[in-house]
Every structure is written in structure tokens, then in C-alpha cells.
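Below is one structure, written out as C-alpha cells, with a few remarks after it.
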Amino acid sequence: MTTAKRRVRMGMIGGGEGAFIGQVHRLAAALDGELELVCASFSRDPDNNARTGEACGLPERRLYPDWQSLIDGERQLADDERMDVLVVVTPNHLHVPISQAALEAGFHVFCEKPAATTLADAQRLATTLDAGDCLYGLAHTYLGYPMVWQARRLVRDGELGRLRKIHVEYPQGWLGTRLEATGNKQAGWRTDPDIAGASGCMADIGTHAFGLAEFISGHHVTELCASLGVHNEQRRLDDDGDALFRTAEGASGTLTASQVCTGEENALKIRLYGERGALEWRQMEPNTLVQRRLDEPMRVLRAGIDQPGLAPETLERLRLPGGHPEGYLEALANLYRDFACAIRRGERGAAEGVPGMTEGLRGMAFIEALLKSQASTAKWTPLDDQPRQDDAETTT
Amino acid sequence: MTTAKRRVRMGMIGGGEGAFIGQVHRLAAALDGELELVCASFSRDPDNNARTGEACGLPERRLYPDWQSLIDGERQLADDERMDVLVVVTPNHLHVPISQAALEAGFHVFCEKPAATTLADAQRLATTLDAGDCLYGLAHTYLGYPMVWQARRLVRDGELGRLRKIHVEYPQGWLGTRLEATGNKQAGWRTDPDIAGASGCMADIGTHAFGLAEFISGHHVTELCASLGVHNEQRRLDDDGDALFRTAEGASGTLTASQVCTGEENALKIRLYGERGALEWRQMEPNTLVQRRLDEPMRVLRAGIDQPGLAPETLERLRLPGGHPEGYLEALANLYRDFACAIRRGERGAAEGVPGMTEGLRGMAFIEALLKSQASTAKWTPLDDQPRQDDAETTT
Amino acid sequence: MTTAKRRVRMGMIGGGEGAFIGQVHRLAAALDGELELVCASFSRDPDNNARTGEACGLPERRLYPDWQSLIDGERQLADDERMDVLVVVTPNHLHVPISQAALEAGFHVFCEKPAATTLADAQRLATTLDAGDCLYGLAHTYLGYPMVWQARRLVRDGELGRLRKIHVEYPQGWLGTRLEATGNKQAGWRTDPDIAGASGCMADIGTHAFGLAEFISGHHVTELCASLGVHNEQRRLDDDGDALFRTAEGASGTLTASQVCTGEENALKIRLYGERGALEWRQMEPNTLVQRRLDEPMRVLRAGIDQPGLAPETLERLRLPGGHPEGYLEALANLYRDFACAIRRGERGAAEGVPGMTEGLRGMAFIEALLKSQASTAKWTPLDDQPRQDDAETTT
Amino acid sequence: MTTAKRRVRMGMIGGGEGAFIGQVHRLAAALDGELELVCASFSRDPDNNARTGEACGLPERRLYPDWQSLIDGERQLADDERMDVLVVVTPNHLHVPISQAALEAGFHVFCEKPAATTLADAQRLATTLDAGDCLYGLAHTYLGYPMVWQARRLVRDGELGRLRKIHVEYPQGWLGTRLEATGNKQAGWRTDPDIAGASGCMADIGTHAFGLAEFISGHHVTELCASLGVHNEQRRLDDDGDALFRTAEGASGTLTASQVCTGEENALKIRLYGERGALEWRQMEPNTLVQRRLDEPMRVLRAGIDQPGLAPETLERLRLPGGHPEGYLEALANLYRDFACAIRRGERGAAEGVPGMTEGLRGMAFIEALLKSQASTAKWTPLDDQPRQDDAETTT
């Protein structure tokens, strides 16, 4: 008798009406049919929670009033009913408390970035993760794009030779006006240090740019020089910033991220230059990867299961033939699919193909270095993601 | 007590392993969580059927050996278990028999295009549809793209003034070599007149181009002049073709479709020119719509729930803010979502927002006119989708 | 002792103030310093003639009141003063009379296209040319672009394999409104059959599209099917048209040209598809040539004297390294330079690298076939540039 | 009697065979017929000098063995024969000596950038200029592009509101390998500090990026933080660099320039973001200017004498209608034309519309600040183009 494959059972904290990212996660998780949403606490507002639950087709008893009761409630359910993984799509300040509790309760965690609001918190969470058998995934969605994997493969294969330069930029324009004063929820918490943490734009999207650069290049940023900006008198967190950086492996470059670039949508873009070649990828046209090679005409690699020149890891992340555009949801769905597979295979700590605690720690170290650099008159500030002495003590 | 929204129950005929389009439909139907696959007959090959069923998580008893037994079996199930809609993703020659049987059994039908292999068959199917209470949808996926709706809105709002010219083109390259001789299933049946019908390329993709042109413009092609090509000595169906056309509303233009344009992926593109403005849309960059206006700089409209200048019907078909690319699966998912909503609302015949029998009949009339023109020495051949006398008699 | 190279002495008929194309020719001829303007009759309006002459720095005695006196006057000058080549930039109806007289007087001719207003006239001019020792060049400017020569080279080298399809299009929008009624000179004569000849848009720009297609492909159009349009009730000549065509060498395709495509500038574009590859070139981005090859990623060839993959004939037509854009004037300057070199080398009939009578006859035959097809109910109309019996008799 | 307009007489130092830029200047100066080359010392190699002179059609007596004899020789010629302006296209180290001597001899100077190899030298040259009646122009070619003037106009008109961010980048790849070791002349002197000065890439192209940013924005960079690179062990000058900067008017941004970005041609690009809008211009597609406005779809302004939305100063720098691409030579020709007009009008110091000493001093100050920053451990280094005390003393 054929046994149908079991779907991974997913719970969700956050993501009620008005919280854009929750619906994005639900769509992406649904796409490949690998996961099913079985429980949630979408909002502390009971009405919002109920309405979202109904829209999602959740039974009332699996709709919890808050995250604590969700974790408690699910823990008491039978093995064949209990959620497997908790998706955390709350504002930043709750990422660590919820992730920590879920991991301690034996649930896998798939969390929105950033992993934490401080590096120390992320390090403590890492300790918890290491101590258990669970998986931790981080929604660095852009690392789910097939052509990002292709770019990484070309770098690894030496197509670019020794890397010299990395330029990554992430301009958005949506906070160009004081949107937080209009009641916009997204803008509200992202500009509030009590909820977002010590950084605004850089924590929100700078980390994406940083993660993308390190992922594709395989390099590690060791020092940076930042100039962050706040383009509104009443705003308390950076909404823009530029940085120079250098890597341990010998490259240098620039990283810019902004939420006040009027008219820009979500224009994450990366260019990498090596001795023998170069790559250029733009998130807004994600199915194209431009490759330059010394003394050869430019090549344009195109996404598609039937397209020439693609690596196995690229093809695995594609669903359609060339010219049938795949986009953002498909990229996030790739992370969900790989996370579900890792759960089935019984992996621990990090799910293969999915950003996790390592990327989370790097991202937090990046933010802390940025903020330190911003406050400093010295040109270079080191980026350090090693546990600091006092943290190490605290967590022992 | 909150009652969770019921998902529309979907069955599928065709779409086993190796049949690309089946998986595409399953992904698109899953995306918004409006439908769930409950039964199928994916392949007449029992092994393939079983493997695909397992991969889809279907219980064995809802996996049927052929389409007849699926329709029979589902008919006998209880109201709260029986499928609501049958998705037909077989090769062309089975579209009508299966759709006919399903409609007669009281099931809604969502069918891959073309609706039939002859206009007469499509007309008979239309009669069946008209006689019952069911819905019929046709997977003209490109009509699910938000910016296609935006283009239609701009035309309707008079932004272009009186339309003069329509140029639509759909070059692909995948049949540039004799792929059908290599065992490729997709190529095999598409080049076999017994399965695909009397047209190859034009039925497969020319109909998409035609449907897109009529949808956006609101015009009706009344006559055309075709030059079809077969670029392989052993091939029996057109793999390429160009046509001039004129519309009842006074525009003229060109339509080209090809599967032998080496190196092209899926480059459907349309341009419309009117007295006061023009539009250009390309499927491979579906989130961009170029608008030209008399004596003004070019405008570039961009998809996104937060983007300026978009119509309500465009916004309804978007899930993400600007710069987060949505693609082909999201376009098809829009059709599925609208079809599911129409089922819930108890609509009959055609689902609002979803191409159906009207588009199916136009497509078949277009193919027949193309073939007639190809065989003719006259310049213009009329396109006629009215029931012919003998057909009318037969169906009475 | 070093002898400085002598500049070719150039006269000009037409091109006074308000006649855009005259200044274009003067700029292009000046660029490489191979020619110098020594005499002209810019306009029959004495004031305009004088003003333009002054702006061009011409001495009064070389400024003639009309083309007849220019030819007469120059004929009587000494060998080391007399013009070498007459540039004809008048409206169409004067192309043949002036060219004929100039050739008969022993002057080389460089003429704006079209060569004539009828095929028979062009054939008579060809007979004159054949009978003498002069050169005749035709300003098919687009055939001066380096990447057009590169495309032709790739086709000749078999990079595309056997050609299957040619699609060429030339949309403009400037006659989208009734500009001729506003006093616009350009629009005025181009829409007047007494001056422009029997065709408007097709003679003006359709011939460019046609010439480009035959030049790059090396194919010869043998039959076509045209649908021309006039989009203004008071207009007497075509302002738009679409055509299907077939070539003697086995390709088929479409040609469209229009001057009523609102918002389009000068968007000449050609695509060629062969069994093994494809090319795409757009005049508005002339330094880029897209090459597709079977089972390989797309290549983008770029103009520049230091760019990889370019043929000698491409490089000869470039002045700058990659990324320093060359444009329309440089393309026309290439024709002038080659024409000047051919004069120095004593070539006869056609100047190497410069379109001439052959292209002129083809263009006229194309226009005549278009008009015949437009008036016909038959699908295909042959294109024939062979002297007709009665013409042959007339010219004997 | 009509008096033909006199052409401005131009001499040239440098620009013999193998020196790319000399021919570029000759082409650009010739285009509009405003100047004529009357004398030169193209190379100290007599053969090269003679061959180039012959190719340019110069009489032997106006071909001088070196720059000193050219200045002396021309000074002694009659008023109606003597050159008006000296074009200096030598390597950098000769810019000041030649310019100084020419100005002192009463000749106008049009010089390649950079103005000097040190700021102090440039300041001394400025003093000479101020003391006389001559004009000084600097070949910041990119400031001759029409759409650069359009961008500046839009900024001035407040279309962007208060400027927040400026990002300018200039990647090239031609020095990605050690080209100077292959005998390439261009690479040779540009990487030799004795000839190029204390900076390589930044003096060569970084100054262009800097000048473009200040020209369009109207802002003044007050401090910067640089990270320069040398990507070859035997190279002695920077071949790459990134910088953060801030302006007196309140904007911040990044400037990057590189000659080791493999595969890049000449990809100068600038983006400016303000409170109400944004602009983007790319030199490699110079006829397009992208404009973003708050809450409106993106607009694409296009170059062309018939295109909508262009300012008078943009139109004055265009020769052709939309869609007829103008490029690099036309941009430089605009500077030559404006310089010639300024000579005719008897302007002094700076020619209207042409970069001159002010831009030269800013460029040198920029380079000095970059080098100082590179050597410093402080984050910010001020940019100062005011005469330093000791210079001031020297020049008093």
C-alpha cells in the first residue's frame, strides 16, 4: 500500500492582518505542498487573530491567544498532531524570546531576520540551538533564488579567479516620507528602537545585502567603515547607510542600503569582480545572471530547468522552463522546501541549503560593527562574531 | 464558533511524471490555499500514477486508473468529500471528451488550452456547458498577469485613444531541433496531429498570443492572412507562423508565433498603439508595463501592491509590494483563485476573471482561420466563431 | 616633402534651414575630415540659401541658386577646384533628375534614399551609371553601423546555420497626428504624393527596414503580402504597413514600418533566426548585438575597438573603445568615409562598403511590390527588380 | 557681400599615432565645423609626427618638432593665420607646463583632464589664467552630454526636492591585467607616477565621476573617506578605489572608480535621490534619463530635438531627433563648439558651458583629499581647494 508523504506541520507566531510578511510566508510555505499550517497565534488582538485564522482555515482550538500558550498547547498534543516547526514572523524584539522558548520545547524554528536585536542575544540563542536536536532557519529569502546559487557556484568554480571587488546595494524608497506617522504598521515598528533594535534600515535590509555578498563570494568581511543616515528629524533609527568594507580573503568593496531612495522599489543588486571574470545579479530581474569573462563577450545566464550552463544546485531550485518567470515567493518557497526536507531527514542545527544561525550571527555582528563604526572617528572598525568574554560567562 | 473556510476540492487528469504542466497546475492551485488536490488519474501508466500520487500525498483510493473511473468514482462520493472541479491537463485530443463527461457529471472543469482540437468540438462542448450549472475555465495563464489587466484597463479608460495597431509575438526556440525524435514527451505529442490536432505551434502558443491581443485590446479579429511554416522535413504540424490581421473595431497588426526561434525562451510580447498613447508588455518581465503618451515622456508602470497608478483589478491580482517579483505561477494562481471564488459564489458558465468557453471558441476559430488561410491563395480569410449550420444540427 | 592628403570636394543640393537631413549630412561628412563642402544650392529661397551658406562658411560664388546652375557652374571650374561628388538631399521627386544630370556631367553622386520615386526611373538611372565612370552612393545610413556589419559577418560565417526567420520592424510615431497641417516641412512633403512618390511611410522608412534585412541576411525577398494603412482621413499616402515575406534562400518573416506608432522614436530593430543561432540588433542601442546559440547562454557583443569577438569590417567602422557610445552620425560618417576612399581609389559604379544602385533598385522594387500587393486580393505578390520590357525599350 | 564665418584655428600638442585621445579630439572638433586644425606637434618622434600630420592634412611648416617650438612659431605668425587655441592632449605631467606657456603667450587652452598633477600646480596655473585674457577649457567630456544638462536642470528646478544621496560609479576593466607590461602606451604612462602624477585610476576617471556628481547636483563635497586599491604587485598607482563622501549642502553618498573591474567597458553611472524624486543616468546609454517622482510611475526622458520635457540647454546640445543616437564624440563636440563660440564672443577665463579652471581645481583637490584619506586612519578627510598659505605666498 502506498503511504502518502506526510506534510510538515507548521505553526506561526505573528502575521495577522496588516502584517505583510505573514501572508508571504504562508504563500511560500504552501507552494510546494511540503508544509501545512496547523496552528498559529497571528495577533494578540483576538479579532485579528480570529479573522486571520478563519482566512487560513485553521480550527479554533489551534488558534492561540499568544505565543506562550501556543508553545505550551502544542507541546501537549500527540506526536501525529503536534506542530513540527514554528515560524516566527513577529517584529524583531520577539525573535529571540520566541525562538528560544520554541527550541527549548523541542520545536524547530524558522525565523524572520534579523535573528536577534543584539549579537549577544543571538549568541545565547546559538548556545541553545547547539545544545538541542532542533533545526533553526533564517528567512534570508534572497538566498533562495536559483541564480544566487548559480553565482555562488561560478565563484566557487573559479570562473572569476581571485575576487577583487564586491559591490552590493539595496535601495528602497518606501520610508522616504514619514510613513510611520500615518499609522502604517510596517513603518511604525521598523522605526521604533524598542521593537526593531538599535538599527533600522541596516537591520532590515542591510543584513540582506551583507548576507548575499558573503554567501555568493564565500568571503568574510573583517572590517568596515560606515556612514549611516537618518533623513527625518523625528526618526530615531538609521534609514540609510553606506559602508566600505574589506574581506579576510582579500577583496574590498562597498555596501549601501537605504529606505529613503525615492522611487526605488526593492532594488537589491550585487556585482562581483575577479581577476578573470565578473558577475552581476539584480533581485528585481532575478532570472538573469550576467557573467563577464576576460577577453570574451558578455554572457547572460538565464534561469529555467531547460536552460544551458546551470549547476545542479541551481536547477534544484527551479520549477519552470526558461522564460516562465519565477520570483520572490518561489525563492522563499525554496527555503521552506529545503527546511522541510531537512526536518524529514532528521538534520540538526542547520538545514542544508537554508540560512541559519551562522548567517544570523554574522548579520548581528555586521550590524554591531556598523553602529560602532558610525560612532567612531576611526576609519576601520572590525567585524567580530566571536562570543565575547562576558557573554560567554553569562551563558555558561 | 469560527468555521474555517472550506477549500475547493480539485481532481486532476493527466500531469504525471514527465508531464511538465501538471506540476505547474498543482503549484499554482496550492499557492493561495484556496484549493486542495483530493483525487487524480495522473497517468495511464500505473507506476507513474502511483508515484505521482504518493508525491502529491493523495490517498490510494482517490488515485484512479483512468479518467472515466475518476469521474464515476467521484460521482459516488458524499457531498462533503467529492471533488468540486476537475483539472484537465492531458494532451489536446482528450480535452473535449474529458471536459464533456465531467460537465455532464456535474463537475466544474478547468482545462488546459486549447479548448478542443476543432472548432466544432468546442462548439458542442459549449452547448453542454450552457445546458448545465457548471463552470468552465481555460488555462490562458497569461491572462492572469496583473499588468495584463492593467493594460486592459488603460485601453478601456481611453488612455490610448482609438487603437490603430496591435503587434503580438511569441517566439520560442525549444523545437528548433527535432526534439520529438529524442523521446521528449512534450515535443512528441505536440508534433503529432493525432494528439495535438491540426495545428502545432499555433494551437500551442499562437492561441496565447491571440487571446492576449483580444483580451487587452477588447477588439475582435475579423480576418487574417497567415503564412505558417514547418521547419523540419519529418514534422507534420506547423512549428512557426506569421499572420497579418484586422479587427472589427478598426485596428490592424501582426501576430507571430514560433517554436523554432533558436535561443528564445518564452518571449511573448505585445504592443498596442492608439491615437493618444501606446502600451508594451513582455511576459518575461511581467511586472513592467511601458506606457507612451502623446507629447509626454515614457512612463513605466510597475507591479506591486504599493505602486502608483494601478487599477483595482490589477491590485487584486498582486500579492507583494513593488520590486518583489511575481511570475508565471502567480499568474496561474490568480486564475485558480478566481475560479475557486466563482465556485463558492455559485457562478455558472464562466468564472469572473477567468478565461472560459468564449475564449476557447475564439481560439479555435483563430486556429481554423489560420489553417484555412494557409491553404488559400486569397489574401484575407475571415475568422468566424459562430456555430455552423451542420454543427448546429448535429448538436440539436 | 610630405604632401598633405587632399580632401574630397563635396557639393550639396538641398539641406537648407528647416531641412533636417542636410545638416545631418554635413556633420557626418565633416567628422572624419575626408570631405569638405565646397559648393551648394541649399534652397531655392535665396535668403535661406544665403543664410545656410554663411553658416557653412561657403564663399558666395560657390553658392548657386538652383541645382542646374550648380552642375553647370562646377563643370566649368578647374580640376583642382571643382567638386568631386554631389550630395543630393532634396525631397524624393528630385533625386533622379539631379542624380542623372550630375552623373552625366561626370560628378559622383551620393543621394538620400529612396533612389527614385519609381522603379522604372531607378532603372534608367542605373543605365546612366553603368554607362559612365562615376560612383553612386545611397544614404542607407543604417548600413553604416559597425554592429550591422558584425551581424552580417556572423551570418556569412554560418554562426546561425541556415536562416529560417527574419523579423524586421521600424516603428516611429512622429506622424501620429496630422503634423503636415501644422506647417512642418518634413511632414509636408513626405505626405505629398507629388513630391514623395507613390508611397509615404514605406518609401521613407520601410525601405530602410527592407535594406537592412537583405544586407544582414544576404537573402533576397522574392514575394510579399502587404497590408498598408493610412491613419488620417486627409492623408494620401501610406503612413503605416505590415508585410509577410519569403526569400529566395528559404527564409520567411515579417516587415513592419509605421509613422503612427504614438511615442515611438526611431525604433528600427531586426531579429534573424537560423538553425544554429540567432541575432538581434536595435538601432536605438546600436553598440550592442545579441547573439543566441543553440545550447549556450546568450552572448552580448559590444562595439568598441578593444572589444572581443569583432570582425575586421566591424572594427574598421569604429573609432572608440568599448563603452564610448558611437551613434547615428558616426554610421553615416562611415558611408562618407568609404565613399571618399572609393573616389580616391578610382572605383566605378559602386563604392566598396557603401549602398548604391543595387540597393536602390531593390528598394524601389520592394515599394512597387508593396503597392501592388496592397491593391491585390492575392496573398503573394512577387518582388521583381529586373528591367521590364517596356522600360528596356524606352531607355535604349 | 556675404562673409563666411571664420573657423577657429586650433593647434594640438600630443595625439600622435598610438595616442587614442588625440584622434578623438580631432573628430570632435571637426564635427560641427567650428574649428580647423592648423598646426600641431603630435609626437616627439619625428616619423610619428610626420605621419600623423600627413593623415591630418597639415602643411609641413605647421608641424613642429616639440611644444615649445610650436608656441614660439605660432606666436610669430600673422593674426589671420596664427592658431587661436591650443589643445593639450599629452600625458598628465605636461598639462601644466604647456598650458602655462600657451596662456602666457596669449593662446587659449583646451586641455585634457586632469588639469595638473598637483593641486598647487593647478593653483599656479589658475593665477596665470586670471592674470590674462585667455580662455581655459578642460575636457570633462561627460559634462558635454545633453542629458547630463537635463539632469542638472531638473535638480535646479527642484524636481528632486532636497538632495539626500548621490551615488556615482565608474567601473572599467581594461587594466584588469598588467597591460602596461605588454607595451600598451595608454597603460604605460597611466601607471607611471612620473608621468601620471600621484594617482592612477582616480586621476584618470575618478575625477570624471566626481566632476559629474558636483555638476549635476550643484553640491560641493566637503569631506570624504577613501579606500584605494592597487591590484597588481608591480603597479605603483591606484587602479581602483571606493569613497564615502558628504557635501556642504547636506547630501552623502559613494563614489567608486576602478580600472580592474573585469569586463566592464566605461560604465560611468550616477544616481541622485532627493526628498521628492530621483534621477539615474548611465553614460553607456547616454540618451536616456530615468526620473522617479514620489507617488508617480517612473518617467523615462529621452534625448532628441523633438522629444518632450527637455530644457533649452539640453536641446542646444542635441543635433538629431529622438531615436537617432548621439554619443561620446557628440558630447565632446559640444564642448568644442561652446569653446569656439566663447572665443568668438571674446569671453575670458571660463567659456560658458565648458568645464574650466574651477572644475580643474576641484578635481585636483578631490585627488589630494583621496590620497590623504588613503594614508590616514581617520574616517573623514576634508576636501579643500583653497590656495594654501605657502602657495598663496609663492603666487603673490
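We call the chains A, B, C and D, going by the order they appear; numbering starts again at 1 in every chain.
Throughout what follows, a contact is a pair of C-beta atoms (placed from the backbone, for glycine too) under 8 Å apart; a residue touches a chain by one contact, two chains touch by 3 or more.
In UniProt terms, the chains line up like this: A, B, C, D = Gfo/Idh/MocA family oxidoreductase.
Here the structure is a predicted model, which is why all the values come from computation and not from measurement.
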TODO: Give the chains in contact with both chain A and chain B, ordered by label.
DONE: C, D
- [ ] Identify the chain pair with more contacting C-beta pairs: A-C or A-D.
- [x] A-D
Open item on the list: Just the number, please: Cα centre separation of chain A and chain D in whole Å.
Closed with: 44
Task: Length of the line joining the C-alpha centres of chain A and chain C, rounded to whole Å - done: 56
Open item on the list: By the touch rule stated above, which residues of chain C touch at least two different other chains?
Closed with: 264, 298, 302, 307
- [ ] Quick one: which bits of chain A touch chain D in the complex? Just the residue numbers, please.
- [x] 160, 164-165, 167, 169, 171, 173, 176-177, 225, 227, 229, 231, 240, 242-244, 246, 252-254, 256, 258, 260-264, 271, 273-278, 292-294, 298, 373, 376-380
Open item on the list: So in the complex, the part of chain B that touches chain D is made up of which residues?
Closed with: 291, 295-302, 307-309
TODO: Spell out the residues on chain D that touch chain C in their complex, using ranges where they run on.
DONE: 1-7, 20, 23-24, 26-27, 30-33, 50, 53-60, 63, 172, 174, 264-267, 283-287, 302, 304, 306-307, 319-330
